[in-house]
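All chains are identified by letter, namely A, B, C and D, in their written order; residue positions are counted from 1 within each chain.
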Amino acid sequence: MEKIKSLDDLKKLREGMQAKIKLRESGNNAENIVRVKVSMSTCGIASGAKEIMNFMMDEMERQAIEAVVTQTGCMGYCYAEPTIEVTVPGHDPIVFGDVDKVRASEIIEKYIIHNELVEGILPVNYRSIDI
Amino acid sequence: MPKIKLSQRTIETVRNICASFDNQEGELINVLHEAQHKLGYLPAEVQELVAKELNMPVAKVYGVVTFYSFFNMLPQGEFPISVCMGTACYVRGAEQILHELKRQLNIEVGQTTPDGKFSLNCLRCVGACGLAPVVMVGEKVYGRVSPQQVRKIIADYQEGLIKAEKHEM
Amino acid sequence: MNMINLTIDNRPISVEKGTSVLDAAAQIGIKIPSLCYMKLEDLNIENKPGGCRVCVVEVEGRRNLAPACCTEVAEGMVIKTHSMRAIHARRTVVELILSDHPTDCLKCAKAGNCDLQSLAQHLGIREIHYQGEQSTFREDTSPAIIRELDKCIRCRRCEMMCNQIQSVGALSAINRGFNAVVSPAFEMNLDHSVCTYCGQCVAVCPTGALTEVDHTGAVIRALSDPTKTVIVQTAPAVRAALGEEFGNDPGTLVTGKLAAALRRLGFDYVFDTDFAADLTILEEGTELLNRLTAYLGGDQNVKLPMLTSCCPAWVKFFEHQFPELKDIPSSARSPQQMFGSIAKSYFADKIGVNRKDLIVVSIMPCVAKKYECSREEFSVNGNPDVDFALTTRELAQLINLANIDFTSLPDEDFDNPLGESTGAGVIFGTTGGVIEAAVRTAYEVFTGKQLERLDFTELRGMEGLRHATIDFNGLPIHIGIAHGLGNARKLLEDIKDGKSQFHAIEIMSCPGGCIGGGGQPYHHGNAEILKKRQMALYREDQGKAIRKSHENPYITKLYEEFLGKPMSEKSHHLLHTQYFDRSKN
Amino acid sequence: MADYKMHLLVCGGTGCKASESEQIKENLLAEVERNGLSGEVQVVMTGCFGFCEKGPIVKVLPDNTFYVQVKPEDAGRIVSEHALKGRPVEDLLYRDEHDLPISDSKHMEFYKKQVRIALRNCGFINPENIDEYIARDGYAALAKCLSEMTPEEVVKEIKLSGLRGRGGGGFPTGLKWEITARSVADQKYVVCNADEGDPGAFMDRSILEGDPHSVIEAMAICGYCTGSTKGLVYIRAEYPLAIQRLKTAIKQAREYGLLGQEIFGSSFSFDISLRYGAGAFVCGEETALIHSMEGLRGEPTFKPPFPSESGYLGKPTTVNNVETFASVPVIINKGASFFNNIGTEKSKGTKVFALAGKINNVGLIEVPMGTTLREVIFDIGGGIKGGKKFKAVQTGGPSGGCLTNSFLDTPIDYDNLISAGSMMGSGGMIVMDEDDCMVSIAKFYLEFTLDESCGKCTPCRIGNKRLFEILDKITKGLGTEEDLSRLRSLCKVIKDTSLCGLGQTSPNPVLSTLDNFYDEYLAHVKDHKCPAGQCKSLVRYNIDSEKCTGCTLCFRNCPVGAITGEKRSAHFIDNSICIKCGVCYDKCKFDAVSVS
């Protein structure tokens, strides 16, 4: 890995990363990729988040859905672990809670493919500071 | 206390751990962590060896081992079971879970079953309050445990569905 | 100097910055009660865990009460030491301590000398409002020390002495919360530990949790056995402290009354360990001169510096902690053991008593002496050279039992031949004394000249580590002195690293030497007492007609009649010993 | 399969469910069908919106319209107006403080109830990927400090922000840094206290698991300000995942040169290593923590000297907790005024709380200081589980107290919680309902303190033991009224005389329950009754012979054979044998077992 030696280096790296993310998120014209974030905190993992993450990866690969599945930290919805956030290109991210394999398949079959919402939506109820 | 004789391999393991921390007295807790991780528990003989390697009184080592609840001087069961006794778990019925575990395993807190399979302990909050009440078997966390589930969890281990971590001793 | 102004109990006071509230109050005669806190001024010994919370006081503007021992004065502080809040808290804290205490004071070894007992009395505690479970422990009896932890109040003084001062490390706080206590590793008995039996834990324990093993019963039994001849020896430091047990001021010399009391107790012969101290000087001094001569002659294998070996706790210390150095200390036995050995051979023959029928009792300022006389190498066919070692405190107990009014006793002399001693033998009881005694003899033997002055003030004092150079007729002899085993450790580390410049080193385990021994009347944290005892010994030395060991006529006679010369084969057999590596067990 | 153009989200939170959200969903579905929109509009039940006082709630996607206090009969209008014609139903819209309707919920005031500063990246970024952290302005604060600000300016900024220690004490962070900065020494240390020990608090774990770089960055900033080149994280060994993430993050930061020598080409060097706790709650106290890091028993020592002057290995040491550090980069990036504009007069910024216990939305939240307990528990937390009655909320862990109904509208900040008889602590909030016996809760906390006391000072070692014994006596029905005054008196002395924070605050759970639930204590000692029915010794199980069908289920499940009776005839419980396990009560299908 290159060392970051100055503020400028950092800015460059940051801009590069942001552009990449923007590309991903602006959806309509660029990367048409579904993004799934799995909350992998202690609670999440204890409730089976790892299995769900693997399941989502395998299942989407099997169905040839272009998707990136990543892990993230605690989203704060401990009562509904495992939780995942799904961003379908062109739509706001949606968080689903209590995701087991059945619900995960539903999310893929119905929401990701057909934009049909399924049970288990956790409405976002906070504001994060803008970066 | 029954005396045990450390195998040459164990002696080497402990010496290497101490050496990896430069035999510094100030690294005692890190050394003990590492030793327990490798050996499963910290019998008197291991503490004596650590004291010798770090060039410090064994009474002091023992003083530290007995201060921290994480350190064990007795071998734990093949599957150490810990019940979280944090407040969230408590108000959501951890006591009943503990009661049920004691009943099922027929041991008290701090004891190990005669076959050496299970030991039972209480744990401070593990911070998985969203899943209260929480039971840990080894490093695996079981959340929202009901007394009814206890039998099933124990059975899984008893039938060998889940394998234990192996320690040197 | 930076002065701080504050008010204590409505009285303004100005004290040096850094002073504790406890000390500041003491300066204007306000004695705030404390318990765990202990300080031996000038000896660098302070126990300040801030744990007992007895000394709490009210500080204006502060949310909670402040422990006077740990709290430093601050400008403008307003302190109330006896507000209702402070008194209530203090009493509650003491009640709590008592609620976890056996309170069997009437039959406790420490009764009358117990800090907790006096505190409860001081605070007028008549009821314990909070009763509950008490912590209980197994009693531990070793050859010298009894641990009765039910009486432990967790002041941690013993732990501090054992670790910070003595660097022995036999004791540590273990467990936590209500189960916390001070103990050897794995809660084993002391005799399974590296304990040296120096007894400093006993000396500072505020309660009856740590006491010496009581041998008074055995001595009474021996004294009343008509088939036994019972003789007694008494160590130098005892005469400078025993009086305290009977209300004398610290530093009062009671040598004559001591001899009288022992005689009234029924001992057949009343002797003096000082005699054996003189004997030690001849043996040890000769050994030193031999080593020096060899060294000056170019012998590379000679072990220098030579270390003294009178102190049994010190011997056990290096056997555990520095076994690789066990060839360095003098092979001379301690005065107690030399006495026992001579008594059961030379003296027994002289009076025609079989050694089995001769009982040797010693009165020592020390608890380790109990252990020393039980060491296997100091017995012949299972019969120990010294049968019982009593502490100064136990002797006081015996005197009381025998209905002797100590203070009104006449002064009497010791018996001969083992009761005659010189000033050199007397100062064995204080730090620096053994080496000064040795120098007095070694100088004259080595140089063949008379000393012009006998008081080597450069070797005296209370500093933990001291050194001096004595001119042996053009040959500078470097001498080191350590008291307290922690200080001794420093010198030993230097020797181990080959950095020591000394020719001879004197080591005593207890702070101040034997005058501060674990078997002496309790000092209750007052270092002045130790200093006064030290001065008393120097006074006794000053008053002696003979002040050099080699001039003791009975010593000369002993060599003529029995031993031949110092370091002879006979002395080797009777007066010297060997050391063991105890690091393995 | 259909491709929906519009989604109607109906809140399925407990609160909303209680107010007919099921019916709303049914009606909406019927209306959609009736209007022939089945293929275009989907009706879904969701989790709690966390806005229960305005429930039931219906949200429309994709335009984010937010309908509040919806009634089942409103379904028709929502479908016919909004779904069919694209016109929001005005009178169902949420109105702001000026009574203006807000259609796009993104602009709703409500979302300001939770503002995530410390948690800004948790659940957003992949914690094991430093690039994602950098993309969200990560390490920009450190870069700014090193290239544009002097250490004094950084300390000034932190002081100005009003940030106070989030670990419980609330000591001003900037001041702490300044003291260390002023201390002269050849080596100084920055310590992150990650020995999160309050039962029911897990915010530090979440931050370390979800955003470890924010802590690393802040520690480096602190090092720069105070003149320290070494950082240590003291972390609970019980947090293996947090340890692993932190290790990964440190490694990545080193690879990028963000830790190590001459960071950002400046002359400042800084690195971090880990130290592990070993299961001693008292090590959360900073002097105990330092002793533990030195390899000793974690016993606290008297302050002063404070760690800022003499800490780890006797060197000046700044100790801050995880959440405090996590807030620092934001303050530097966005300025002190951004931070001090949030919160109350003396408590600035936001605070993370871990909601747990008898609450619906157990989870991690972050709210501005000054938010009320009511908003936290009922809005964000979704109210009490199972529709039970709120009884108390415990804040501050074993050092805190239990707050009742009357404190629900108290704005949360350091000082208000203390004057209410509790404290902020690290931010655990355990909600209790009518089934919780407050004497037992006090006893539970005392038992915890007893287990965790280091045993060094008398009041904590013996005093708490005696407190526990008295409470135990009371829960067994053996207490007297005199015991209550004895409790109070002993509590005061323990607070007044204990050596460290653990002992000084350990009586709080007892005192606050004595203050707020005295009647409950009285019931135990005078009537020998436990109103919540939790104290087993005071409870009797009985079988109502009228209701009992003799199904033998209780008989078969009783672990001690206390139940007798013939099949198909009424059963009886022998209370001399009964161990009050409650199995019979749980098992009975006919409601025949009663508790008294």
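Here, a residue touches a chain if its C-beta (ideal position, glycine included) is under 8 Å from a C-beta of that chain, and two chains touch if they have at least 3 such contacts.
Values in this document were obtained by computation on a predicted structure and should not be read as measured data.
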Quick check on this structure: which chain has its C-alpha centroid closest to the centroid of all protein C-alpha atoms? B
By mean C-alpha coordinates, which chain is most distant from subunit B? C
Identify the chain pair with more contacting C-beta pairs: B-C or C-D. C-D
For the pair subunit B and subunit C, the C-alpha centroid-to-centroid distance in angstrom is 44
Distance from subunit D to subunit C - Cα centre to Cα centre, in angstrom: 57
List the centre-to-centre spacing of subunit A and subunit C in whole Å, with centres computed as mean CA coordinates. 74
Quick check: how many Å separate the C-alpha centres of subunit A and subunit B? 36
Going by the contact rule already set, what residues in subunit D reach two or more other chains? 202, 205-206, 239, 280, 297, 299, 356, 362-363, 451-452, 454
If I count partner chains per residue in subunit B, which residues reach a count of at least 2? 63, 67, 126-130
Multi-partner residues of subunit C (each touching 2 or more other chains): 173, 175-176
Just spell out which pairs of chains touch, all of them. A-B, A-D, B-C, B-D, C-D
What residues on subunit A touch subunit B, complex-wise? 42-43, 45-47, 77-79, 81
Taking the touch rule as given, give the residues of subunit B at its contact with subunit C in the complex, in rising order. 1, 44, 47-48, 51, 56-63, 66-67
What residues on subunit D touch subunit A, complex-wise? 1-4, 7, 9, 11, 42, 44-51, 59, 61-62, 110-117, 119-129, 131-132, 134-140, 143-144, 147, 202, 205-207, 209-211, 239, 241-242, 252, 255-258, 264-265, 330, 334, 356, 360-366, 380
What residues of subunit B sit close enough to touch subunit A in their complex? 126-131, 134, 140-143
In their shared complex, subunit B is touched by residues of subunit D numbered 196-202, 205-206, 237-240, 275-281, 292-299, 313, 354, 356-358, 362-363, 394, 397, 428, 430, 432, 436, 441, 444-445, 448, 451-452, 454, 559, 581-582
